[in-house]
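Right after this note come the structures.
Next come two complexes, and both contain chain A; in the first it sits with chain B, in the second with chain C.
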Partner chain A sequence: MLIAKNLTKEYGNFTALNQLNINVEQGNIYCLLGANGAGKSTTINLFLGFIPATKGTISINGLEVQENLIKTKEYIAYIPENLMLYPHLSGLENLEYLATLAQKKYTKNQLIDFLKEAGLQNDAHQKRVAQYSKGMRQKVGIALALAKDAKALLLDEPTSGLDPQASNEFSNLLLKLKQKNVAILMATHDLFRAKQIATHIGIMKEGVLVKSFKNEEVTLQELENIYLEIIN
Partner chain B sequence: MFLSFELKNILRTPLVIILSILLFIFTLFAVYNGKSRTNKQLETIKIIKEKEDKFYTAKKTMLDSIEKNTKKPFPDDKWFLSPQYSLTLGAVRGAGTYAILTPSPLSVVSTGQSDIFPFYTKIALDNNNAGDDNDNFENPFNIAQGEFDLAFVFVFILPLLVIVFGYNLLSVEREQGTLLLIKSMPIRINVWLLNKIIFRFLFLLLICIVFLCFSFVLFDISIQNFDFLQMIISTSFYLLFWFLLCFLVNLLGKSSTTNATFLVGSWVFFVLLVPSIANILATNLYPVPSRTEFVTAQRDIENEVEKQREKIINEFYAKNATFKKPKQEERRWRDNWRERFVEKYFAKKKLDVLQESFMKKTEAQRNFADNFQYFSPAILFQNALNSLAKTDTKTYLTFQKKVNDFEKKWSFYFKSKFDKDEKMKVKDFDSFPKF
Partner chain C sequence: MIIHIAKKEFTQALRDNRFRLLAIFLGVLLAFAMLVSWSYYQKINEEHTKTSKTARQQWNTQTPKNPHAAAHYGTFAFKPIQTLSLIDNGLDKYLGVSVFLEGHRQNMAEYKQITEQNDLARFAELTPAFVFSYLVPLLIILLSFNIFTTEKENGTLKLLLSQGVSILQLSLGKIIGLWTLLAMVLLPIFGLGFVLLLASSYQNDDVLRYLMLIFSLILYYGIFINICVGVSAYVSSSNTSLVTLLGFWIISTLLIPKLTTNISKKIYPTPSVLDYKAQLKEDLEKGVDGHNPFSRRSQIFQDSVLKANKVDSIQKLLFNYAGLIMQAGEEHETVVYAKALKKLNDIYFAQLKIHEASAILSPTILFKMFSMQLAKTDLATHYDFSAQAEKYRVALVRDLNYDIKDNSKNGDWEYISKDKDFFKKNIQFQYKPISITQTLQQGGMALVYLMFWFLGTLLFILSIKKIH
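Now for the complex of A and B:
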């Protein structure tokens, strides 16, 4: 579903991403680990088409991203580190508007169902987003992914700043999406959550994917050791 | 959903709501001001027409009685009371007709040049000076400070509302962090931004139309005419210009503060600076003598003619054998008036030359200023509103030209009768020249 081949991104003389090769299948969660500046967010931004690649190819559902900027966005949902919504609108209104932009038409009840499925409490649906916590906003992001019927979800450090309970809730939501056959690519610093939910883990350093393996191949302790060894 | 979202966006922005309410209040006040001004003009027109009707009805009744021998004709030394003389009906003691520029239905929209040019002129054989009537000119203090009319609200204030509506459409998304989410949607950002601009343009235009219709209906001004539609169209184009500017500024991708600064700067440039520059350049490149200088030059000519009076009169009698210069003891009122006309028309020829030179200079200045309108949509829009309100310079100059032509007709009619020493009849009242 999400495929990068020899993906390279350069900014002048600086190489932000170097020869990246990954393939995230449907129903898989691929967690990209790495220190700040390792190239995780650059990878996400390349998949989103926010920036063009210098070399290599990147495709979503078989379509080359830069050549199909609009079409590929139909397949994906995106949750940044700090998902911001329209503060003067309620969660429901935000979802309704964003779903409309994604060319999806739903009844109010269907939209409420998406919010419920994403775990947002009933009494928060009509509240203005200005009163939402970060965790609640992330849930609206998940509801949007459900409303978009996204085949792939791109997440850029979505659990940073969340308390353990909210982070756990969020991880469970991702697992639900995994069961719905959604391909998930998540950039994160959180080794524990990565170990908890990922099917595949990749560790990046200075724009290079140094190591990539299946989750079941390592324990949490081994993952931590590998991670520390690479980034140090 | 897009429309309802945009509507919610607007309705939940307090500044926009406050400014919209202010626009409504300003529109109401401006229309009220315009209506008051027009009403005052209409009231004046009514009074002068009544005065004129009263004068001629009385003279006609008197003449009818004289013709039917129910009243004795006036003795010759009371000629100025007798309706049998053309001077009594066309020149002296309240005689004369009013040339009137009736305010158009949309004159409430713009004061335009109406505070500088007279909207009526008294035409009499011996006088066509509008200054006879006190309320025909605006107080100079009012001219200096400008009129709070609808044109002022739309030309000056409306663009500021457009700027508030559209300065940060894209930048606010970036600044509040929602742009990332929008960019991840299967839409083109430019098209999405254009949709937002178009919606806001239509929303503001609708507000303007509703406010205008409400104000016009409230103050009993007709909106069922083509001019009103033209005003809406002109307003649309003016709004469109400012929204287009907002769109382009948003596309530059700068911060909201930078956008606001640039747009307010554009407002200052197009609405304040360009008209001022046009005015300064026109005044300096095509200087026109002031009205005071013009009047002084007029008086100089009149004084000069007065000094040469004897010579002018003698030349007249020498050239016109039908008239004989009377001896002092034989002199009658007709002789005095004949010589007065000779003197007046002699002066008039010189005054016409002076006036033509003055008009040519003002025309050159005006033409230069008119060309400047294409550098500022504010000037274009103001001119369009003046034109619709019929308070533009062209309307007043056309009126003045018609007045001058009519004054010639009026003078010719009554002076011919005077020259032929022809008595006036009741039936002549129907053949008086009409403006």
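Now for the complex of A and C:
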């Protein structure tokens, strides 16, 4: 579903991403680990089509991203590190607006169902987002992914700054999406969450995917050791 | 999709206290300015009607006197206040409202309401035109400087783009949203203006002029909206956007108009009153003086009249020579004054040309120029009034002089017309206002340039392929 082949991104003399190869299939969760500046967010932005690749190819559901900027957006949902919605609109209105932009038409009740499925408590639906916590906003992001019926989900440090309970809730939501056959690519620092939910894990350093393996091949301790070894 | 974006912008702004406060403040200010302007218009209009009547009555009922003495007695021509001056009083306060008409000289308009005010007072005068041309663009800037930058700063832009929305759709949606907000503030004001217009003694083409004024405002605000949305898309922070847009506002509304006024005065200096009068005196002395038959030029004129009528003395003429020489003097003076005023007007128009040329750099000047032309409160309308008043003066004085020439005897300096209603029968001044066709011929280019500005800024929006 999400495929990068020999993907390279250069900014002048600086190589932000070097020869990246990944393939996230449907029903898989691929966690990209790495320190700041490792190239995780660059990878997400390349999949989103916000920046063009210098070399290599990148595709979503078989479509080259840069050649199909609008079409590829139909298949994906995106949740950034700090999902900021429109503070003067309610969670429901935000969802309705974003879903409409994604060409999805739903009744109010259907939208409420998505919010409920994403775990947003009922009394929050009509409240203005200005009063939402980060966790609540992330849930609206998940509701949007559900409303879009996204085949792939791109997440950029989604659990950073969340309390353990909210983080755990969020992980469970991702597992639900995994069960719905959604391909998930998540950039994160959180080794524990990665181990908890990933099917595949990749560790990046200075734009290079240094190591990539299946989750079941390592324990949390081993993951931590490998990570620290690569980072240092 | 564009409509949904517009709807969201509208809803979001409506729930924002800053917009509500600004909109209420501006709406009240505009309504207040319009009502004050209307009440001023009513007052001046009444005064004008009353004073015109009184002046004519004074002329009609003046004590019987020699017609040339009546020419010295003089009368007034009053410039009617234009109905649309309730929106834009333009240069009315600077150019005077009446001309004293008398024999031998062409006077300039008098009773300028603003003669002692400084530039700041002139700038800050609270009229609907001031609010329309200066403050509404400021509202647009305050409403929209961060229309894209906030989305960039908060990260919602990435979220929007990840839904498959194009930048053009976003830009157009935001533009329509801003227009809806602006319409909410301005439509009631336009409605109020229309009601006040109908409640005034409007002329047939005033409604059309008012609609054209609204059209030019739409172009003018469209330019600001396009620029605001474009700048907000191009720059990376709200601060940079605000500073850039306020800079544009200052340059367009304050700096360029002031700068070009100074430059035009430097290139085409206006002569001092003393120089103007000295030149006039010199030129007047070069021709026939109707009151001095013994001057060299009067003697030459007298010889030519005697020769043409094949007589050897003015007593043998079949008409009163005094009337003829006074009219000859009058005609010379008319030419001298016309030449002097033309020279002065040419300087003003040369200054105005520089101002007009600079208008290409400032949509505010373009709008102001076109708005004054539509309201008939511009310099060209004033000159049209002065020209009509002068034409009337020349015709009136000629009638008076010819009455002496044709109906009295030589040397009869005490001649008084036998017709008791002589003065009543003299022609009356009727100002014929500039037609809409004339206005468009004179000021149509300002509208065309405004359209170019609008299209140019729209192209600026269409050219945005990437949000920085």
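Quick note on the criterion: the second predicted complex is superposed on the first by the 232 of 232 C-alpha atoms of A that agree within 3 Å, B and C clash if a C-alpha of one lies under 4 Å from a C-alpha of the other, contacts with A are read in each partner's own complex, and residues count from 1 in each chain.
Criterion: a contact is a pair of C-beta atoms (placed from the backbone, for glycine too) under 8 Å apart; a residue touches a chain by one contact, two chains touch by 3 or more.
All values reported here derive from a predicted model rather than from experimental measurement.
Chemist: In the superposed arrangement, does A:177 touch chain B (first), chain C (second), both or neither?
Modeler: neither
Chemist: A:198 in the overlay: touching chain B, chain C, both, or neither? Say first, second, both or neither.
Modeler: neither
Chemist: Indicate the residue numbers of chain A shared between its chain B interface and its chain C interface, in ascending order.
Modeler: In chain A, residues 48, 50, 70-71, 73-74, 76-78, 80, 82-86, 88-89, 93, 97-98, 100-103, 154 are touched by chain B and also by chain C.
Chemist: Please give the residue numbers of chain B that touch chain A in the complex, ascending.
Modeler: 1-2, 5, 8-9, 12-13, 176-178, 180-188, 192
Chemist: Residues of chain A touching chain C in their complex?
Modeler: So the residues of chain A touching chain C come out as 48, 50, 70-71, 73-74, 76-78, 80, 82-86, 88-89, 93, 97-98, 100-103, 128, 148, 154.
Chemist: Can you list the chain C residues touching chain A in their complex?
Modeler: Counting only chain C, the residues touching chain A are 1, 4-5, 8, 11-12, 15-16, 154-156, 158-166.
Chemist: For chain A, which residues are in contact with chain B within the complex?
Modeler: Checking each residue of chain A against chain B gives 48, 50, 70-71, 73-74, 76-78, 80, 82-89, 93, 96-98, 100-103, 141, 144, 154.
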